[in-house]
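Per-chain residue numbering starts at 1, and chain names A, B and C are given in the order in which the chains are listed.
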Amino acid sequence: MTGWLDALIQGILLGGLYALFAAGLSLIFGVMRLVNLAHGDLIVLAAFAILVLAERLGLDPFAATLAALPVMFVAGFALQYVLLNRTLGRDLLPPLLVTFGLSIIIQNGLLQFFSADSQRLRSGAIETASIALGGGIAVGVVPLLTLLSAISVIVILNLVFYRTPLGRAFRATSDDLEVAQLMGIDHSRIFAIAMGLACIMVTVAALYLGLRANFDPTIGPARLLYAFEAVIIGGLGSFWGTLAGGIVLGLAQSIGARIDPEWQILSGHLAFLVVLALRPRGLFPRALD
Amino acid sequence: MTGDGAPPTPQTFRIETAGGAARAAAAGACVILLLLAALPAFAGRDLIEDLIFLFYMLALAQCWNLLAGYAGLISVGQQAFVGLGGYLLFALTLWGGLDPLFAIPIAGAVSALLALPTALVVFRLRGAYFAIGTWVVAEVYRLAFAQIKDLGGGTGTALAPSVTSAALGIDRVKSLLDVRTPAARDIVSYWIALALMAGTLAVIYAILRSRRGLALGAIRDQEAAAAGLGVDIYRIKLAVYVASAAMTGMVGALIYLQKARISPDAAFSVLDWTAYVIFIVVIGGIGTMEGPVVGTIIFYLMQHYLADFGASYLILLGTLGIIVMLFAPRGIWGFVSERTNLTLFPTRRRLVVDGGDGEA
Amino acid sequence: MALLATRNLMAFYGDFQALYGIDTILDPSETIAIIGANGAGKSTYLKAIAGLIAGAADSVLLDGRPIGSHPAAAIVKLGIALVPEGRRLFPSLTVEENLLIGGYGRKTRGPWSLDRVYALFPVLKQRRSSATPTLSGGQQQMAAIGRALMSNPRILLCDEISLGLAPIIIADIYAALPQIKAEGTSVVLVEQDIAQAMKVADRVYCFQEGRLSLSGRPRDLTREQIHRAYFGS
């Protein structure tokens, strides 16, 4: 029994990580209907950025992440402003193919710089620390922090999106680009800001990715798939839905792993396909697509 | 002209697709096909292997182009059917003792069958989400096949030479061309690849010239308008998806017959069976049949000379793809045909007016 | 010098030419009306001024300065606000949020604020937290006008604000115009409702198939003249 309860708890905590992966993707889609196929690779890129900053500046991963946030914001802003804004329009192909090409470039660029070796973010004692919940169940501090960070990110995201002028500008631009311009909204800048924010969330996700497990330049695409699945399961247009989707995915993987460790990832994918077949709009849809 | 009071001759209209250049190209294509078929008689093994690669990449590219360039189905998951075809070939030959030559069309049929339920789920997604959905499906296939221990599990397995050499026709080839078994195997693979490539081109060309093809052109250009005109978009997309899966499955079977070694990571590789294919179609020219031909040739040359540069080569491919997508979205062939109005695979309809008192 | 002038203004939708060299003038605190049949180019004219359609730099002059090639977001900052045809409120924003976003681009101090707009259109205050699709046509039109006013524009461009509305609602909306004019805002009205336009405008321009067919003061123009200019001979 404790085995299953443990799997449940681990699944929820894992869901926090997936929600972090997905938050940025959800924002970008909500603002500009762009699906960035390089999203997972940006997470890996951020992880390497944290690694480099930690080593160069002699910081622990948390401090290095704080240092990496502005860097990644600027990188995301520039990426959108210079490259991705050119791909937006009515045609589906350019953003998809350009971000796909970008994914390949980032992966291989990282391979060139860092080799294919596995890396890890070291944070000392906190890595193995855990909190006993009684009944033989313990919760790792890092996974718990991951879930709490995910919830915080979603709360902040909702705040920004629904309670600030910037968020109004996001929603207006997403509703009607032409009329948004009539409000004085420079959509190129707005999109770039959104991508910058997404990259900040990606960086937070990268911290917990790197703390939790090894990473190397090629693991990006798998993270993209998890992020995407979390968004779809949760339902487009809802940030809380994205959190829920991440948790559902985490639970599916965790339960699958309990049955057979080799089935972990497959269980997640299958759960996604089942949700897609039965509830195509996700569990908590909001968008008026 | 008819001043004698007789009733005027009615004008008639007909739809023409082929133009002069196209007819010349058709004749040329037949000649080329014959030459290619006869090639093994005087070509070395290296050239034959290179051409096999070229043929199957072209076939894959044409299938992807049909999906994305005509039906608007941008799939990043075609590797699902390549791998499926490959594993089916192995399963049918290893377990069923079937001749590889017969296993190939069966692989195609099974791929088509599996494509149906796949489509039913994945079609619930649109645009970029559809793309990623197809990727997820491919991953499911990969992870599922990695569980089948009898086919090598996660590390894969190989086809014993005895199996591949038992293929129909190898003995004939050996005596006809006076070559040893390995070379004969390659030659048979070569002819299968040539047949698959030509067959794929023929099927796609036939689809595009049919009435369905006209609908596809409409869907590609303006889906909402097409739907408004009564075009049953869902059925057509489904048909195209299934047809594409069947052809891709057969090509996958051939690829792994020739490689004689399969593993889940290789068979379901996004890079080999999607990234390279997309690159080919984008560089060559999406939405035309000539584009993938141009793209495949260019890709083959790049692969031949630059693949040794590893990660740098891939960065170059990615960058080139992005540049072409941004600045020449119709690809090289699009660039050429816009300026010269050249068409080798004519699929566009022209209205020709005959007879009557007017001009023809 | 005219506040806003168009000089040989031309506009294209791809290969299709919608405007063939339009010359108009708007003086400070003036209200001009643009009338004409469907497809005459009236909306196109407003869109060109608002920066939604690209044009030659000197085809539109504000205080004598060329602004014809400025993008829409920049035009708002210069003090020209468009109330678009069909209202086009943002469905993801509440009424109040729609008003607030009107002031996003231009932060100039002026007579118009949230409270002032609510004073002009009290019903908007009642429905401030509603989603805009739940509003009636007239209420949506008021919200759209209020939204444009939030940028404290020097020039308000109104594209067919009476479209699809019942006469009594139209009267309500037009009743707000004097207050807008009283704040010194110049107004360009594109209208299908000729009677209403003639009542409030200082001058009238008539468009016909992309060209100016008539201009003058309402009281100086006869019905026959207008009819001919509107429909062509």
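The criterion applied here is as follows: contacts are C-beta pairs under 8 Å (C-beta built on N, C-alpha and C of every residue); 3 or more make two chains touch, one makes a residue touch a chain.
Note that this is a predicted model, so its numbers are computed, not measured.
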*What is the set of chains touching both subunit A and subunit C?*
none
_Chain whose averaged C-alpha position falls nearest the assembly-wide average_ = A
*Where subunit A and subunit C are represented by their mean Cα positions, the distance between them in whole Å*: 44
*What is the distance in Å between the mean C-alpha positions of subunit A and subunit B?*
35
_Inter-chain centre distance, subunit B versus subunit C - centres from mean C-alpha coordinates, in Å_ = 54
*Using the touch definition up top, name the residues of subunit C that touch subunit A in the complex.*
50-52, 71-73, 76-77, 81-82, 84, 88, 90-93, 97, 100-102, 104-106, 147-148, 151
*Residue numbers on subunit A that touch subunit B, as the complex places them*: 34-35, 37, 83, 86-87, 91-98, 100-105, 107-109, 111-112, 221, 224-225, 228-229, 232, 262-263, 265-266, 269-270, 272-273, 276-277, 280
_Under the stated contact criterion, what part of subunit A meets subunit C in this complex?_
165, 168-169, 171-172, 174-176, 178-187, 288
*Tell me, which parts of subunit B touch subunit A in their complex?*
68, 72, 74, 76, 120-122, 124-125, 127-129, 131-133, 135-137, 139-140, 143-144, 146-147, 270-271, 275, 278, 282, 286, 311-312, 314-315, 317-319, 321-322, 325-326, 329
